[in-house]
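Two complexes, one shared chain (chain A), two partners (chain B, chain C).
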Partner chain A sequence: MEGPRAPEASGLVKRSGYSTEPELGGVSTGPSASGSKRDRSAVHWLLRRLLQVPIVTACVLLIVFILLRVVPGNPAVTLLGVHATPSAVAALRHEMNLNVPLPDQLWLFVRNAATGNLGNSLVYNVPSTALIIPALGTTLMLTSGSVIIALFIGVPLGLLAGFTRSVAIDTSIRGIAVTFLAIPAFLIGFVLLLVAALKFHLAPAGGWGSTFLGDIQYVWLPAAALAAYLVPVVIRAVRQSTKQTLELEFIEATIARGVSTARLAVRHVLPNSLLPLIALIGMNVGGLLGGAVVIEAIFNLPGVGTVLVTAVNNRDFPVIQGTTVVVAVLVILVNLGADLLSFVIDPRIRDAE
Partner chain B sequence: MKHRSKMVAVVSILALLASILTTASGSATAASKPHSASSPPKVVKIAWPEQVQSLDPDLTSEALPYDIMALMGGTLTTLSANGKSVEPGLASKWTASSNGLTWTFTLRKGLRFSNGQPLTATDVKATFDHQRSDKADPEIGDFSTWKQETVKSPTELLIELSAPQPSLPLILAAPYHIIFPAGSVANKSFYKDPISDGPFKLQSMSAGGTQEILVANADYYGAQPAIPQVEFLYVPSDNTRVIELRANQIQVAGELAPSDLKQLKSNGLVGQDAKQYGSYMIWMSDRKSPLSNVNVRKAISDSIDRAQINQIIWNGGNTPIGSLFPSTMPEYLNDIPTAYNVAAAKKLLKGTPCANGCTIPMQVRTGYPIEDEMATIIAQDVAPSGITIQIDSVDNAVQGTNLGDANFQMALNWLGLEVPDPISWLDLAVLSTGGIDSLFSGYKNATVNALVAKATSASGATEAGYIAQINAIFAKDLPYVPLVDYTTSLGLTKQVAPYVTLADDDVFVIASK
Partner chain C sequence: MSTTTEILLGANDPYDPPVVKARLLPRIGKYIRTLGWSATAGALILAGVLGSCIFVPIFSSQSPDAFVAKPLLRPSGRYLFGTDEFGRNVFLRVCDAGRIDLLIAAIGVLSALTIGTLVGISVTAARRRVWETIVMRLVDSIIAFPFVVLVLTFVVIFSESSGLGPLPRGVPALLGAIFLWDWTIYARLARSRTLELREAEFVVAARLLGYSQQRIVLRHLLPNVLRTTASYAVADTVIILTITASLPFLGAGVQPPTPEWGQMMFEGQTFLAQAPWITLGPALALALSGIGVTLLADAIINRSSRTQL
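On to the complex of A and B.
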């Protein structure tokens, strides 16, 4: 008969000292002095983290704004070409309001950004959000697809490497992980394009669809290429965590009760091994978004990376600023979400906080 | 029961995934099978490593927007297929007064824009008035001798000039001189979805310029195109363009590395090197030592093995040039030594600031593999003469700014034209008052300036005579170093190859029915 895991089977309960409460589900069993104190500290923690969002965003915005003005190059030259006369360039700069003093430009940007207006693209003459928002959807689909694929591949392999007593299997899995970590994303992307798309026709060779289902046809191959960055990280984390969990006393007790290895892995080891993954994936979102820039270029996806690279090449200041702010906020929020999730479901973190 | 529902859920998810993958596989397979028939396809997809910034001719200078403008826009005149002569476009004929100061253009009867609205001389005048008055227009120099235009009738326009301009019909064939409706031409938002008058009209353009779809324009005055729909797609990676071409997801891949062409041919595709009205050069700032010394410039020229560049990069398919003009223009005169001659270079360097060796930085644009490769070859070639070329990689925008600010010593780049007009070339290349300071070199030669002014008003043998003199002075002064013709490499599927060509003026031509 299947049933919920008994509290005593959880190593976390034993280790964290909450021996009277079934904490693993993340729900307190009832009011208590220590519980309300913990709730207050949780609220403080949450407020502290939320306060970081506007501060970090403002810092990113300021740094990007200053860097863009320090780096040589201006959008008028990129639009008109190097052969344009200085007077034509000057006239276009004037049209683009690039002659406005820098503090005024900064104030204008901050004021507009606060109301959700990221300004108009200097090059395409459309609101920056019209370029960024659709691209963000593509990039989110790509990165979340890569996370799903990385978990799908990395978790079983990590569990296997953690469980196995065979040195050959463990070494092989770790070898695969290190190899994937060493191969640049663009190379994996091209190999997948050549083999999966061109040779076996398993996916279109780059491009993007026009409907959600159509997009999935296009996104899974680049997501797999991007996942190559995350798979080794997941394998290592799950392997490490599995090995640690297996050393706990409750596991020995469970084995002694004659529980099968598969059941032990799925019901007792896996949940504990997955906890560190939440924080790990949260921390790697920035890296994934960076990798997405390369993968988007290879697979010709209209994502944020493509928008950003083009904007940088064109010195399209509002789009660069807008994209950077949006990506920064996204990374901060994902990290915050991961922390929050870990906080809610992992009593050890709550205890530490 | 619980087991069973879990099983059902798992099977359902797997089935969904399988169906998605099967759909993907099916679509990819369908796309990968080239049509066996030799008839033209209904759609041709052209991939290019550029996004369309704007279809406003005053706000762009890139090849791709010009390609699109050339397909969707009508110009008063057009270039012949071989680029050697000017042919009627929207104008059926044109005449110049005996003093060359008044031109009369007569429009075809019954011209219409793509929305069915009649196209008259009023639209032509409004378009030119707008272009002439827009100070930001990079081609405003084309109108430097224009005084005014007068509409004589709905089909007749008079253009009055302050000085003769025999090349006027040729200049007006350029894609950036397309004619727009009088009521819209000054409206910036009009260019997001412009009404046009060429063989195609714009059906849609994505906000970031990553995809443009053109369809045949039923109101076009000429024959309808053999391929009724053309899609331009932004595909930044060279390798991805090749893979997509091999998968038949696209039918034309532009701006390929010349080395890709061999691979394409071995995969049953068509590879083309299309020479343009342009040439690669080392642009030099002649303002400061050591490049202010003509012998240093000549020594660098002598120590570059242009044949080697051609062999390594283009597999011998390009033309090394020692001329102010590219070999695709009639004014081409190969009178600058192009043979690799280190001994001559060393001899020239005696008594110069580089007699005992020197280091000169050369700005090379990132993201342009051909220029990168060329720069490496040049640096290796020049080293034995005692000059060390220090390659500074900068992005396109930085180089553009540095050139305008004269903040460079050498820069690898190219100069090209949409129409083979020698006067436009001279304006950019050697005229110190041409706006870009003799191609940013700072070269000032009063005799050359005077000869350019004379050539502008001359035609035929007289014009050729002035240009020959300019050629000779250029070879003597060598303000910068020409290298090879500007050549674009592209790949096509066999099915579209008979119907799509990249003309010398760097625009696509779709065959007519």
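On to the complex of A and C.
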């Protein structure tokens, strides 16, 4: 069961690979959990999963650390450019702790990161966390908004495609999914910006409000653009799990009992799509955040992406480094959250002995 | 694998002459036709884009950088996508730019596919828990980086490095970043497939026959695992194409003056109101190649998930 679905799943969820990882795969792919080769008790799995978080976080820190150090030559000169004054180079070397031995540098970096100190911005001379944390709110609002929009569009379409007997409807919904899968979200952002914002003035063309309600007015259009990334993924997952669920015996029994199609869809089929959906959103959050970076640049939203791009243009390395770490840790935590959520809501995983 | 190829090609088999003539292209064509009409459509679209990218610049008498007509001309029979703000032929530039985009996608995906698959198989087949843990946690942590963020960081760090050999400025760093991230996907896929396969009867039999680890990996596991990873690779191409084209909006990626789809769209943004064709030309090329690849990938993944196990 799990084998044949693995490549299919990874194809449709873009950046997965995840669902095929055996230790977690049994959980993420839901119904096949009991078929996993290495059955472990649920508590054991939970502990392993929790233990992964600090390990992976440590690896992330290590990678960021190495990325900075493998730059050929003097990193301070590389960052400041060849025309930098010697005093600026010396200051940066001190700032980056480049004057101490490498193991000590690593230790300092990890210790600082653990206490929330990700270095000072070279341009604004404030802690980089002071730039990143406020921006994080905007980005989270954008991404969660896009998830909500994607669910509102994708789930009904996926259900329809899974339920329908009409080849025409199924094919056209799948065609929509393929088209959106192939067209980058930023292109759709462009079109929305041109048509909805500039031509019909349905929303501001960019910027950010000051109140929560004001922000929603600014965020819905970019969120819709970003949702284009997730919609095809949701459509395909719901369609596939619907088709699979419909073949199960209990559905036949339910139909025989005379339950209406609407009730069948909402009460009996949809809950079975919930688990793949949670896993799917969990594993796509990385791609979503990456897409958010581009969308923010186009719509000029003050999110993490904008902070990152500004830092890139200013060669403000501590901020780049800080953003990378923060975003990576965020992805790790969301992935953990998705796994824990599936653990809580699905008795098949919770009770798997 | 190679035995099947020999049988299919039947180079020295006098009893099967028609198969001898089955060269690579007709065989690919035949395979695609068996995948269904959507795959055929995808392959045709892709072949169209690929063909114009390769041949239009060759047969055109103009240089893509030459100023051939008045600036901001509307699309016409002579200039399919009009001219840009300098009076350059946008269609010609789109075709020229496509070479870089498609080349980056091809090199990026192929290198990641090769290395990732090999790492995934050998780590899993060797059954050394230490190595498995180290490599797979490394994979986990690299996957934790959103791709765009990692590419941006990487490209910034290495942007000082110029082009490498025939590769223009910005491309080596981009390829490095793509590889650094992308191999992990294939390693994961290969690992999970190997985990299933290493208990399969034919692998156990090969082990009992005393075949070397190398032989088991290369002759028994690789052909099977490659089916999974290679079908994912087709879908992956779209992602790489998209990311390459979105980087110029963030001030990274392929550096001007090398024409590249994302770069052209980014530059055309200024003239969006007066001359949308400057932006829409490359956008159309990008969308078409995306749709072509996705249609093809869908069919291939469907097929391989049906035939596996």
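Heads up, the rule we're going with is that the second predicted complex is superposed on the first by the 265 of 353 C-alpha atoms of A that agree within 3 Å, B and C clash if a C-alpha of one lies under 4 Å from a C-alpha of the other, contacts with A are read in each partner's own complex, and residues count from 1 in each chain.
Methods note: contacts are C-beta pairs under 8 Å (C-beta built on N, C-alpha and C of every residue); 3 or more make two chains touch, one makes a residue touch a chain.
Please read all numbers here as calculations on a predicted model, not as lab measurements.
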Touched partner set for A:216, first chain B, second chain C, both or neither: first
Partner chain(s) touched by A:56 [first = chain B, second = chain C, both, neither]: second
Which superposed partner A:190 touches (first chain B, second chain C, both, neither): both
First (chain B), second (chain C), both or neither touched by A:328: second
A:179 touches, of chain B and chain C: first, second, both or neither? second
Which superposed partner A:287 touches (first chain B, second chain C, both, neither): second
Partner chain in contact with A:261 - chain B first, chain C second, else both or neither: neither
Which superposed partner A:298 touches (first chain B, second chain C, both, neither): both
Partner chain(s) touched by A:92 [first = chain B, second = chain C, both, neither]: first
Chain B and chain C footprints on chain A, overlapping residues: 2, 71-72, 78, 190, 194, 297-298, 309, 312-313, 315
Touch list for chain C against partner chain A, complex: 136-138, 140-150, 152-154, 156-158, 160-161, 184-186, 188-189, 191-193, 195-196, 199, 228, 231-232, 235, 238-239, 242-243, 245-246, 249-252, 265, 272, 279, 283, 286-287, 290-291, 293-295, 297-298, 301-302, 304-306, 308-309
Chain A partner contacts - residues on chain B that touch it in the complex: 2, 20-21, 23-25, 27-29, 31-32, 51, 53-54, 59-62, 134-138, 140-141, 188-189, 192, 206-210, 233-237, 239-240, 243-244, 246-247, 249, 367, 395-404, 413, 415, 428, 435-436, 440
Chain A residues touching chain C - in the complex, by the definition given at the top: 2-8, 10-11, 14-15, 17-18, 20-22, 25, 37, 52, 55-57, 59-60, 62-64, 67-68, 71-72, 78, 178-179, 181-184, 186-187, 190, 194, 286-287, 289-291, 293-294, 297-298, 305, 308-309, 312-313, 315, 320-321, 323-324, 327-329, 331-332, 335
Chain A to chain B touching residues, read off their complex: 2, 71-89, 91-92, 95, 123-126, 130-131, 134-135, 190, 193-194, 197-198, 201-207, 213, 216-218, 220, 297-300, 302, 306-307, 309-310, 312-315
